[in-house]
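Multiple structures follow.
Below, subunit A partners subunit B and then partners subunit C, in two separate complexes.
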Partner chain A sequence: MNEINKGLDDRRATYIEYAQAVPLAYAIDLDVCLGCGLCENVCLAKAVKYDDKERESEIRVGSVILSPGTKGYDPSGLVTYGYGLYPNVVTSEGFERILSAGGPYYGHVMRPLDRQEPKSIAWLQCVGSRDTNRCGNGYCSSVCCMYAVKEAMIAKEHIHGELDAVIFNMDMRTFGKDYEKYFLRARDKEGVRFVKSRVHTVSEIPASGDLSIQYVDESGDMKEEIFSMVVLSVGLTIPDSAVALARRLNIELNPYDFADTRPFEPVTTSRPGIYTCGVFQGPKDIPGAVTEASAAACLAGGDLAEARGSEIQAIEIPREKDVSQEDPRIGVFVCNCGINIGGIVDVPAVQTYAAKLPQVVFTDSNLFTCSQDTQEKIREKINEHDLNRVVVASCSPKTHAPMFMETLEACGLNKYLFEMANIRNQNSWIHSKSPDLATQKAKDLVRMAVARAAVLRPLKEKVIPVNHRALIIGGGIAGLNAALALGRQQFEVCLVEKETVLGGLSLKLHHTIEGEDIRVYIEKLIAEVRADDKIEIVTDAEIAGFGGYKGNFETELRVGPGQEKRIIKHGVIIVATGAIEYDPKEYFYGQDDRVITQIDLSNRLEEKGASDLDSVAMIQCIGSRNEEYPECSRICCQNAVKNAIHIKKLNPDTQVYVLYRDIRTYGFLEDYYREAREKGVIFLRFNQDSPPDVECLPDGVTISVIDHVLQRPIAIRADLLTLSAGIRAADTNELSGIMKLNRNPEGYFMEAHVKLRPVDMPGEGIFLCGTAHGPKLISETISQAQAAASRATTFLAKPEIKLSAITAKVDTDNCVKCLTCVRSCPFEVPAFNQNTKLIEIDEALCHGCGVCTGVCPREAIQLSFYEDDQIMCKIDALMAGGM
Partner chain B sequence: MGTATRKKSGSVMIVGAGIAGMQAALDLANSNYNVYLVEKSPTIGGLMARLDKTFPTNDCTM
Partner chain C sequence: MRLDYPVNIKIILVPCTGKVDVLHLLRAIQKGADGAYVVGCLEGACHYNEGNLRARERVEHVSRLLEEIGLEGDRVRMYNLSSGEGPTFAAYAKEMTEHIQKLGPNPLKKWAE
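Showing the complex of A and B:
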């Protein structure tokens, strides 16, 4: 059985987990191996160690990070869903494999029973999550709503006919950055149906294998629908092996077996020196896991800052040989790539062909040219045959060129004297049915590569020093934590705050939902930052000017009432400008003092308690999830739950009503939602189309809303109406203009990559954290701030940066200053110098994309490594083959 | 030499080479710490590598 594909197909006893596995090496599954030993005998590389044994080794480390990951909930125990019993009931993990081109059905959406394309698929949410009755997992797994929406949309894309995709849910929890827009696209554009119901039972119709779902709809009526397939959206759980590991390491777990952490120390476990990240810390999506990983790295490294660099091996690079006066002596290495190339292409024939090409003095072929021992061999051959150009005919330069270029450098050859011919991805893989033609094409590709190698020139990479000081913009929880974390990594920080006091929005808050005191925390945090002599704090300061490039920025500040000018030189920037509470225009806010926001309510409860309150109503999604502002503000549901519980604790007799659209208490926040209901808080759902009506009368505020169970309007009289006002980005118009930082339509700063680079900004050396990135909890802000500090550390830890030599250069004699390049460059690098009257391209800023080279009408710009002759010679060599 | 005066280690061990463990390893290595990235299965990548595409950009996971 193939556990990667969730048992939907089989695999052999010797296997590679999936095509892109790293390392791409076979493993033996001892549970099913018969012990015939055949694999050991046939292995050409003699790589099979048949009687390999487990070995123990001891290593000494200063810190530990636990990221053991997650396991999808196994729904076999919930017998009413029929998983394992009805073939067409799969888990969401199985469905991911069904969608995948590398999966059991090669990306064709089929149902397991009869391999027919499904006409309808139902997703059942919260299987193994938000369920204290049947599985004991009281938490929300945080990701299932989004992945179900994704799977539904992609299934619709893959299926040839119409697909009825239905997601049965209690609440749609699409609370992340840009997630609400994704949900709306699925619902309004792609036609995914969303049904508010928790399905209890799935039954199979034996004749067809279809599945019948009976459910109670919103009005309380029993309904039945038939589906071709059912996907169980299983939650995230902690595998037993991780629990056992935690026990061995003596770190505390929470009641659900996740690592126990505190809100103000989100990645710190109960044992000093051991940190955690990813789902083991709590259910989360990929950007959350990546962010936390950087945060854990920051703290784990920060503990060892004084020993940084003490246990790494420096790579010694020999002096570069000057080959500029030599005639080209080209070595060609043709790769078999196991059988990937060698099974199709006649590699010996290609090698023989290459040997006859002009200026080729050596050829070789290897089973795997990328292997470590082949690098050794290439180095030997370069020295033995005095090679001054190298061509590797193998796979993609995108993945492998940097490694081969390092091999050249290790022999003292300039790394730009290297060329690759991709005879795998662009040849053997796609022409596997025509081996003769593939061999011919491999020869053509090698001939072209050799022609280019002959005209390559050594290039020098500019080395620039890095200024080891960081500028942090914003002195709220995010900026303060980032400063502290960088201080611990022993870097200097200049922390700039526009207000006269530090603390930001947190100064208006009292307690977290867990009951931690925010004021005590922020006071302690500010004191720690003030006590760190590596951190300079500049308050009452604005950014007035900005210039420079990665590693060497220069920022102009205006400080204090006198607007004194000050220049800060720094190597990196962390943007932590924060967010503000939305100022509601709805429901008489600002006109009637009985209508307040959640922040007002917390203040009121701290000051006056709740003994005089008979009834409090709350309305969710004020200024969020509407036409003007489509995004979810993420934190308002837990704010409402927090304050509702607070009221009930102060005065159990106060009636509390929360009017909501979807309650989004993700992760462990779900426990507080349950606690609020247990304490008697009444949650009433309303539709966006029929929002509550509010009247401010002398004896109280009256809120009318259509109850979805009763299907009729009800009226609530409340002493206070609390509006769960959303979060808005701080006003950063001026800042983003000065620093050229991109923001999304909501005004939040944009990260370099939503999933994989959530705290990097597109410009190098610029990082982002806290609510400037999007609404988030204090705990999430802290981990993102530590993550930004970690990313900044990767930059600041280097004494200098090498810039790529692949940059554009202007031939000023031929340039007529038409400004086409100035207008075309996506990075705004080419500029007209008023003094010299020339077009200049700063090589520190140039990304080497080649746009200017292509558009220049005078052909006066050349991109190093891709100069005109270096491209034209390849075309000539191709044509010389007589196409 | 007693443990109290022992020189601080410049190495970090990371248990689990899914997306979180890999990112932590890269950050630490790029900050000049020595890293031991420990994974119990034959390949790194964890759960993310088994997904098809990721929300909200529908990027390929690989």
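Showing the complex of A and C:
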């Protein structure tokens, strides 16, 4: 059974877990291995060891990071869903594999029973989440709504005919940055149906294998629908192995077995020196996990800052030989790759062929060209035959070129005098059925590589110094935490705040939903930042000018009432400009004192309590999830729940009504939603199309809303109407113009990659954290700030930066300054220098894509390592063999 | 995945399809290649923002030039896929090969030597 494909297909006893596995190595499945000895006998590298045993080794470390990950909830125990019983009921993990090109059905959407394309698929949400009755997982898994929408969209894309995709949910929780827009696209453009219902039972129609779902719709009516397939959107759980690990390390777990952390120390476990990240910290999506990983690395590294640079072995690189005046002397090394290449391609014939190619002075073939001893051998041969170009015909440059290039460097040869011919991945592996043709193609590829090697030129990687100081823009919780984290890593920080006081939006807040005191926290945080002599704080300051590049920025500030000019030199930037509460235009806010926001309400509860309140109503999604502002503000649902519980604690007799569209108390916040309901808070759902009506009368505010169960309007009289006003990005118009930082339509800064580089900005050396990136909780802001500091540290810890040598260069003699490159560069790098009157491409800024070389009408720009002759010669060499 | 695709496909590596020049494609056809195609990231998902869109423009330009001199314009093509789509890559290789086989050999081949 193939575990990765969730049992939808089989795998052999020797297997690679999946194509992206690290390390990408074979393993033996001991549960099914017969011990026949075949693999041991055929392995030329003698890498199979049947008697290999688990070994214990001891490593001394200064900090530990726990990231044991998650396991999808196993729904076998929920018998009414029929998982394991009806073949066409799969988990979302199984369906993910069905959609994958590397999955059991190669990306064709089929149902397991008869391998037919499904006509309709139902997703059942909250399987193993938000369920205290049947499985005890009271929390929300945070990711299932998004992945269900995604699976539905991809399934619709993959299926050739029509697909009826239905997502049965209690609340759609698409609360992440840009997630709501994705949900709207699925619903309004792609026709994915969303039904508000928690399905109890799935039953199979034996004749067809179809599945019948009976459910109660919003108005309380019983419905039945038939589907070809059912996908159970399983939640995230902590595997037993992680629980055992936590016990061994003596760290506290929460009641659901996740690592216990505090809101203001989100990645710190109960045991000093041990940090955590990812789903073990709490249910979260990939960007959240990647962010926390950096945060944990930041704190773990902070503990070890003093030891930085110790226990390092430097590699001695000999001085580079100047071969620019020599004729090419090419050495070709052809790899057998065990039998991967040699079993198909006639390697000796390829080697003989290579020896006859122009300028080739040496050829060799190896069993494994990438092995350590072959590197030694290549070094010997380079020296012995005075080679000044090297071609390796083996596998993918993606995985192996850097290693071979190091071998060149070790001989004093410029590492760019190297070329690879991929005769495995692009040849023997795919043409295994026609060995003769594969041998011919290997010769073609080697001929092309040799032709290119002959015209390669040595390149120099420019080394630039790094200024070891960070500029942090914004002195709220995000900026302060980033500053503190960098200070602990022993780096200097200049923290710039536009207001006269530090603290930002947090100064208006009182308690977190967990009950932690935000004011005490922020005071302590500011005191710690002030006490750190590495951190300079500049308040009442704004950014007036900006220039430079990674490692060497220069920013001009205007400080104080006198607008004094000041220049700061720094190596990195952390943008933490924050957000503000939306100023509602809805429901008489600002006109009637009884209509307030959640921030106003928490102030009122702190000051006056709730003893005089008979009834409080709240309306969610004010200034969020509407036409003017489509995004979800993420934090308002928990804010409403927090204040509702607070009222009930102050005065249990106060009636609290929360009028909502979807309650989005993700992760462990769900516990508070449940607590609020248990305390008697009444949650009423309304449709976006029929929002509540509000009338401000002398004896109270009257809110009328259509109750979805009764299907008729009901009226609520309240002493206070609280609007859950959304979040808006701070005004960064000017800043983004000066620093050329991209923002999304909502005004939030954009990250370099939504999932993989969530705190990096597209420009190198610039990082992002806090609500400047998008609405988020304080705990999330703190971990993101620590993450940004961590990413900044990767720059600041280096004495210098080596720039890529693969950059565009202008031939100024032939350039006519037509500015086509200036207009075409996706990164705005080429610039006309007013002093020299020349077009200049800064190699520190160039990304090396080569777009400018293609648009230059005079062919006056060349991309190093991919110069026109270095590409043309490959085409010519290929065609010289005839086709 | 080791997916089989026709042996007549030979790949030339470029950092981004935005680096592919009109001249590169023309050179291949001039030297007798029966077809040439550019494989880039999905539109909207270029690693360098917009290189693949420029590549498409250039492929279309070459296509028009070929038609002007009396050759079939779609001896050159542009395909888009993501790096995770091995099966799609193989499918495109097959599709292009079959398409070129229908067109027959490049008439310039006899002058190419």
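Of note:
Here is the rule we go by: the second predicted complex is superposed on the first by the 827 of 883 C-alpha atoms of A that agree within 3 Å, B and C clash if a C-alpha of one lies under 4 Å from a C-alpha of the other, contacts with A are read in each partner's own complex, and residues count from 1 in each chain.
What we mean here is this: a residue touches a chain if its C-beta (ideal position, glycine included) is under 8 Å from a C-beta of that chain, and two chains touch if they have at least 3 such contacts.
If you're wondering where the values come from, they're calculated on a predicted model, not measured in any experiment.
For subunit A, the partner that touches more of its residues is B, with subunit B and subunit C as the two candidates.
With both structures placed on the common chain, the touch criterion links A:Lys874 to subunit C but leaves subunit B unconnected.
Of the two partner chains placed by superposition, only subunit C is touched by A:Ile430; subunit B is not. Of the two partner chains, neither subunit B nor subunit C is touched by A:Thr374. Applying the stated contact rule after C-alpha superposition, one finds that A:Ile4 touches subunit B and leaves subunit C untouched.
When both complexes are overlaid on chain A, the residue A:Ala296 reaches subunit B alone and has no touch with subunit C. Overlap of the subunit B and subunit C interfaces on subunit A: residues 101.
Note for the complex: subunit A touches subunit B at residues 4, 17-18, 20-23, 25, 27, 59-70, 93, 96-97, 99-101, 103, 146-147, 149-150, 153-154, 176, 178-179, 181-182, 241-242, 245, 277-280, 285-286, 289-290, 292-294, 296-298, 300-301, 304, 306-312, 489, 754-755, 790-791, 793-794, 797. Across the complex, subunit A is touched by residues 7-34, 36, 40-59, 62 of subunit B. The touching residues of subunit A, counted against subunit C in their complex, run 19, 101-102, 106-107, 397, 422, 426, 429-434, 437-438, 440-441, 444-445, 448, 806, 824, 826-827, 847-851, 853-855, 863, 866, 868, 871-872, 874-876, 878-879, 882-883. Interface residues of subunit C facing subunit A in the complex, by the touch rule stated above, are 1-5, 7-8, 10-16, 18-24, 27-28, 31-34, 47-51, 54, 58, 84-88, 90, 109, 112.
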